[in-house]
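Alright, structures below, take your time with them.
Common to both upcoming complexes is subunit A, partnered first by subunit B, then by subunit C.
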Partner chain A sequence: MSFSGQIAIAGVHEYESRWAPDKTSFQIMGECAREALADAGLRLEDVDGLFGATMTMGAMGMVQLSEYLNIKPRYLDGTNIGGSSFVSHVAHAGAAIHAGLCDVALIVYGSTAASDAMAIGTGSAGGRDPSAAFVSPYGMTLVSSYAMVAKRHMFEFGTRSEQLADIAVSTRHHASLNPDAKMRQPITREDVLESRMIADPLHLLDCCIISDGGGAVIVTRLERAKDLRQPLVVVQGTGEAVAHREIGAPDLMTIAARQSGEAAFAMARMSPGEIDFCTIYDSFTITVLTTLENLGFCEPGEGGPFVENGGIGLGGRLPVNPDGGGLSSNHSGMRGIFLVIEAVRQLRGGLGKRQVEGAETALVHGTGGYLGLMHSGATLILGKA
Partner chain B sequence: MPEKYVHRKGIPLLVRHTGETTLPQNPPQSGAGPTILCLHDAGLQSSVFSDLLDAFGPPASGLSFDLPGHGRSGSLDAVSSIEEMAEVAVWIADWCQLERPILVGHGMGALVALEWAHTKPESLGGLVLCGAGLAMGITQETIESLRQVTFGKAPRPFDPSRVARDSGPELMKRAYREGIQTDPRATLVDLVASRRWSDGFVRGDRPPSIDCPTRIVCGAGEATACLERAEKLASALPRATLSIVEGAAHFLPFEKPAALASEIRKIAEAV
Partner chain C sequence: MSKPKDEADGNPQYARPEIDWESRAYWEGAGRGELVLQRCRACRVVQHRPRGFCVSCLSDEIEHFVASGRGEVYTYSIVRQNPMPRFRDALPYVVAYVQLEEGPQLLTNIVDCDPDSVSIGMPVRVDFVSTEGGLGVPRFVPA
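== the complex of A and B ==
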């Protein structure tokens, strides 16, 4: 039985700083949890479900986190499928609450990726995973797995670097309206194209930044959320998927978003045309373009014309990542939680110049892992009650 | 070496210090001898002084700190003027309860030390300035090329000539590592601030009031123009003497920490 329309996101908080060398990831998570609970009008004692993941948390991480937060949850979920984990956690929390396994779920994330000098994008892909046996020896990096998708998209459909650059330009414009964003100086298409080549055809400004950061999300029953502090934001649909256990299987143009998006739209009984704005994992510009196609916002191969010339900017045909995204606002390794937080904030309204006008419905999509290799996808559809 | 964070205007500032670790909200303990406060160069951070602080050693004591936006201090934005950097340095000294420290300024840090000496001469014991000159020799071309780095259009530059020849690969690696720990946007702000201040210095805005024991220390391996600027600085300050250290260039604090510590002790004795 579906929980569509019965689960609400009652509290959110995004860690303001993008550079926190004096903090640990648990400190950031603790501060975010406290603020998200305050945002909802709940107390730490109310939390009976804990969901979390980080770049560094080990097998006992969720136990350590519970102890650090001084809570004794009756439901734990440490699912880690990369950057999409937190989008997935909202779905898992909804299912657990719907099943009566917990009532107030705290989803939390923290990272000091920047101050730990993590080289996220240029790290190797696949590691020693047996499934990557035919990849790892050739030294593929994370960014190159995305570049391979971009190259193929250009080959298949004639997509141009200028169109990818326009994604970075729109996102930077959004970041310029967000006082917490790490990179706020507006850029032009030429700035992107003239920036250093990282993995052909992706330039430096086609790539997400690296920051510190964290966030927390509170999920509960709709009926309980009605008594809390914030305007209601309801979970309408969810979906998850994995794809590409080997390079190019089944093909580089079909990503996990295809399956997770179809599931989420089916659960919500909605179609792409009913979505007012999106928050989409923008590890690289190509991630946004191919995700939009796979979610059905445009046909395969039409992503380039869809995004160019401000198509996904505020006031465009479909605003994407109005907070400035991972390309300009923050990217601390696993960005999924920020996608949820920004979607909720937009649906609540009152964000000034970066507010999406008339926002009633939002689609959130997280991608985890290596787009051209093995990756996960998680989709949420949110709406006002 | 112990480290601790102190908060100024909500920004955490990293302090490295000699002696024992102290509890949060408590200043480092001072030794029985003189105290030095080290001020780092543009685009660098306090870690360049770690060998120097070790070499200076007990009974003397010393500390260094990362300016906002540098190294492991907080804030995405660097302080935009030498005057404000000096205010930060004075605040650190007050918080750490330093009594008339000897300021050790490296490159831009030397300008910060001079600004402090100009505005609060009664609160310092002496100056040791290294890798510094009357003018800083920061050209518009240098600033524009760094601006290209901040836009992602050029890789961050590394100038191997800032380390003395025959220093060996380890020191060269150290110089490289020290140069990549601070956001290039902060380095750009540093260079603009340094040029603005040193232009004023050359115009005569500061030198007449700076009258404390001063040692200008320059690595023999610095570029000829740098050595000339150091000589001019020494002649412009009433109580300054110039010392050249062999086997070092711009990264003198970790190329020849013992030699620099020796120069500091001479100033300490004069004080």
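== the complex of A and C ==
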């Protein structure tokens, strides 16, 4: 039986700083947990379900995190499917709460990617193990795995670099309205096209930034959330999926969002036309374009016309990433938690110039991994109660 | 099929692949200058990467065969930034998926041409670099 409409997101917090050289990732997670609990009106002792992922946590990571926070949860979930993990955690938390396995789920993330000078995106995929041997000799960087999807999209549908650039321009405009965003200076289409090429056809400004950061999300039963501090934000639908090279002949135009989106819309009994705004993992501009197509907001190949000229800007046909996204606000390696946090903040309202007017329903979609190689997708549909 | 070029020493990009019993035939074939793929005797599906059984019908009846080595570029990107030393010296280089005549696509490099001359649909053929241990790494050149 579905938990649609019965689970709420009761607390959120995004780490304000984009530069935290004097912090550990666990410290960032702990501070975010404290603030998200305060946001909800709950205490650390109330937490009985712990969910988390980082780029560095290993096999015992969730146990270490419990020890760090000095809590003994009765439900643990360290699912790590890349940057989409936290979107998936909300769904898993909903299922666990619905099954009575926990009641207050804390989802946390923290990273010091920028102050550690991690070269996210430009290092090669693979490693020295037999399954990676089919990838590692070729120097496929994270950026180029997405760039190969963009190149094919251009070939099949006539998508142009100008259209991808408009995604970066709209997102930067949103960041200019967000005082916490790392990159707030407005940019033009020409700025994107004239920025240096990282992996054809993706320019520097087609790529997300690198920052430090972290966040926390509190999930609980709708009935319990009614007694807490914040306006109600309810989970209406969830879905997750993987996409990969199958047995060797991938269709790079179909991404995991196709499957996870269909599942989420079915669970919510909704359709794309009923969504007021989206938060979509914008690791690269092409990620947003192909995700919108695969979620059904437009037909395959129609993503270019959909996003150009402010189509996904505030006031456009479907505002996407009103916080400035990973392209301009923050990206510390695994951005999924920020997608959830911004969607919740928008649904609560009162965000000033970056508020999506009349926001009642939101779709959140995270992509994790190498889009052209293998990746995960996780979708949430959220709404006001 | 061309003989492997013995250039791995001067081309650290192509280090000796890590192999296991599922992938040994592929890499040893590349060391001989052959592109070796798997076909299921039961359902006839050609699969890549190699596995110990057929993941289409779950049969154990896997056979190896030498592919034509011909294909065309399905998609590609010209990599212009990679801080890892063994790739930094090769910049800019072309990462591509090649659609093989036999069905699978291979992640690979397109070499021996100007990166800017590569295009989707371009006919290519396999070429090999030999590595230590009698193994090789396939990549592709304009046909």
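Simple rule for what comes next: the second predicted complex is superposed on the first by the 371 of 385 C-alpha atoms of A that agree within 3 Å, B and C clash if a C-alpha of one lies under 4 Å from a C-alpha of the other, contacts with A are read in each partner's own complex, and residues count from 1 in each chain.
Following the convention adopted for this analysis, a contact is a pair of C-beta atoms (placed from the backbone, for glycine too) under 8 Å apart; a residue touches a chain by one contact, two chains touch by 3 or more.
Given the structure is predicted, the values throughout are model-derived calculations rather than measurements.
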One more residue to check, A:148. First (subunit B), second (subunit C), both or neither? second
So, does A:64 touch the first partner subunit B, the second partner subunit C, both, or neither? neither
Answer with first, second, both or neither: which of subunit B and subunit C does A:205 touch in the superposed model? first
Touch test for A:24: subunit B only (first), subunit C only (second), both, or neither? neither
Go through the superposed model and pick first if A:119 touches only subunit B, second if only subunit C, both, or neither. second
With both structures placed on chain A, which of the two partners, subunit B or subunit C, ends up touching more residues of subunit A? C
Under the stated touch criterion, which partner chain does A:195 make contact with: subunit B (first), subunit C (second), both, or neither? first
Note: overlapping subunit A surface for subunit B and subunit C spans 196
Touch list for subunit A against partner subunit C, complex: 119, 122-124, 128-141, 143-144, 147-149, 151-152, 155, 196-202, 245, 247-250, 252, 372-373
Subunit B touches which residues of subunit A in the complex? 17-22, 115, 117, 182, 187, 191, 194-196, 203-205
Note: in the complex, subunit B contacts subunit A through residues 5, 12, 14, 71-76, 151-155, 181
Subunit C residues within the subunit A interface of the complex: 13-15, 17-20, 22-23, 27, 45-49, 55-56, 74-84, 87, 90, 93, 95-97, 99, 103-109, 120-121, 137, 139
